[in-house]
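In the two complexes below, chain A is the common chain; its partner is chain B in one and chain C in the other.
Showing the complex of A and B:
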């Protein structure tokens, strides 16, 4: 009997912990959006931080990212083309490449890359600021952490994921064209027709919204996890671990939801 | 701290925006947003497999796509389609529109214009959509294949004709590997085959002897040939004799004619008995002479040429 009560208690405690963390993330996001809507947010200092964030998140790794996209795209395009040729569906190869690579895989991998590189850094930074009372100090000096520290990071993250995905997507389309038609211009018309049939306005909008959510997940979730850190230095790694786990779950959830909305 | 931070971020943002806007423009352009579209209504019996986005192709090149499928008041299917201005010039009043639904891959509507001199199809016109669907033929095909398989099953069943035929064939081929080979296979057993083999052996002996005989006959013929047709051979002599016979027979004939005439005279005119008797005596002598000549000749021939039995002789009157 004790065992069952113990089990129920533990389940309840876990559910409460889950709920509190979900609630804190949601309340943090709500606060962020509320701050975004305030005209006072749009000042020179915030913009400057956003620019810095974009620099650290996207521009600094641009060359690495582009090489990574070329390699992954080239491998997947080659596999798709040879398989399509073998099963006699070469006409559909362009569409397959666009749907699998440009619409699904590239945004996901981009978000994962930024989560690994910038999300973990943001999480650690926020956790340390929290542990060493820097956030309280900023608030004391009338510098709202949300407006000057968190929101620029989120905005920069979203912009970076969007920007890198656009660059990677266009690069992949170029690679796909070169792989299928080579340097000849003969494929321009059928290629454009395929792209036109895949990218209707709904798909383009869906892709943009998905990338926005990815950007939000890889920046807002680590910040929220950092803010939850108890004021003990040894809790910082635990906070990063939890934050990155949440980022990963969120990315998968967004991807699955977007696919479900598109195909079901 | 960071060199040209603003410049780099600015370049990145401008590049991303240029790419995004460029791609948007490219997609809009490819979707025919900036060009005049020709609208087309296709009447079809069924909307199966037709959804917005199904491409319309001319000679394999996409020229447009289906934009919607609706039911009209009569329950018929009306498919709305858009064709870009560049592709619309291939649509003629006598163009045929066929829905192509391959077993693998997406459906498409194929346009074929046999006569490009026909007038162009006007905007918003309604045409008939034909269907070519190989998947509808599959059940029929499967039925026929089933029948064929049943027949094969029937033929190859355990106690079927094919099995027994194969068993028989095996028996025959087993026998064929015996001492008397194929003969044994055909005749059934070694005992049956032995007499045939023996007869063949006898036949072989017989043929050998026949060969010897025929060699002898050959030799004889050569001799006969020489005897007959040499320069002084039998043949040459007979030829000469026959010429003489001919001459004598002509003589005999002439004499007999005269005898005939004289006998007639003798019967009709008995007056001149003396003349007649003289003539008769003379004639008698001539005939005797001819006959004796003929006799000599016949004796000659008989001596030289085996004319057969000797009872053939010239009958004289």
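Showing the complex of A and C:
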């Protein structure tokens, strides 16, 4: 009997903890969107901070990201083309590359890269700000942390995932063309026709929404995890661990939902 | 005001944040910003000043306090006195009715701080006329 009570208690406590985390993330997002909708938010200072965040999140890693895209794309394009040739589906190779690489794999890997580089840094920084009362000091000075610290990071994260994915996608398409047709211009028409048939408005909108959710996941979840940190320095690593696990689960969930909506 | 730890904490809690600018060990500077940026945040966000103007205003205040050179320093690179001056400048730029310095001994632990506070207050002719110090009663003797 004790075993069952113990099990029920532990399950209940876990469920409550999960609900409390989900609630804190949702309430944080609600506050962020409410602040975003306020005209007072959109002043020069906020825009400057957003630009700074885009610089730190996307521009600083641009060269690394482009090399990473070239390597990954080249390997996957080569595998796809070789397999397509073996099974006699070479004509479908361009569409396969676009659907697998440009629409699914690249946005996911881009979000993962930003989560590992910037998401973990954001989580640590917010947790330290909470632990060392820096957020209280900002509040005392009537500088809202949401406007000054959090919203620019979220906006910068969303813009960075979207911008890097677009750049990576264009580079991948270029690599795909060169791998299939080489330097000849003869493939331009069929290649462009395939691109146009895959990238209809619905697909483009879906890709933008997915990148938006990825951007939110890699910034808002680490911030929310940082804000939950108790005021004890030794809890900072635990906060980062929790935050990054949530980011990973959210990225997988967004990707699975996006695939399910498209193909099931 | 001089009191024991509990009375001091209660007194600080009773103070209305709207009218008081506090310099406290519990209200640190933003660690990844320089002293000037920490001070400039207030005109930038509260008074919607342009970045250059806010920065100039912050630097002018540091100049007046006699610490022009700390503008580019971040919190970990500052000495306790420099960090304290940055906090004082941040409190002054808030332009509130009262300026309270809470437990100065824990921020200025390596200098004779009552004399340092007097010296700093003489350099400033704007903001609250009186700087209020909330300190432990056993430190009272240091001010005589």
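Criterion: the second predicted complex is superposed on the first by the 264 of 264 C-alpha atoms of A that agree within 3 Å, B and C clash if a C-alpha of one lies under 4 Å from a C-alpha of the other, contacts with A are read in each partner's own complex, and residues count from 1 in each chain.
Here is the rule we use: a residue touches a chain if its C-beta (ideal position, glycine included) is under 8 Å from a C-beta of that chain, and two chains touch if they have at least 3 such contacts.
Here the structure is a predicted model, which is why all the values come from computation and not from measurement.
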*Count the residues of chain A touched by chain B and by chain C, then name the partner with the higher count.*
B
_Just to be sure I read the superposition right, which of the two partners does A:125 touch: chain B = first, chain C = second, or both, or neither?_
second
_Quick check on the superposed pair: does A:54 touch chain B, chain C, both, or neither? Answer first, second, both or neither._
first
*Does the superposition put A:238 against chain B (first), chain C (second), both, or neither?*
neither
*May I ask you to decide whether A:112 touches chain B, chain C, both, or neither, giving the answer as first, second, both or neither?*
neither
*Can A:199 be said to touch chain B (first), chain C (second), both, or neither?*
first
*asked:* In the overlaid three-chain picture, which partner chain does A:143 touch, first (chain B) or second (chain C), both, or neither?
replied: second
*asked:* I'd like to know which partner A:134 touches here: chain B for first, chain C for second, both or neither.
replied: second
*Looking at chain A, which of its residues have contacts with both chain B and chain C?*
none
*State the interface residues of chain B toward chain A in the complex, per the touch definition above.*
2, 5-6, 8-9, 12-13, 15-16, 19-20, 22-24, 26-27, 29-32, 53, 55, 61-62, 65, 104-106
_Looking at the complex, which residues from chain C come into contact with chain A?_
17, 22, 26-32, 41-42, 44-46, 48, 50-51, 90, 94
*Of all residues in chain A, those that touch chain B in their complex*: 51-52, 54-55, 58-59, 62, 88-89, 91-92, 159, 162-163, 166-167, 169-170, 189-190, 192-193, 195-197, 199-200, 204
_Footprint of chain C on chain A - complex, ascending_ = 43-45, 48, 125, 128-129, 132-134, 136-138, 140-144, 147-148
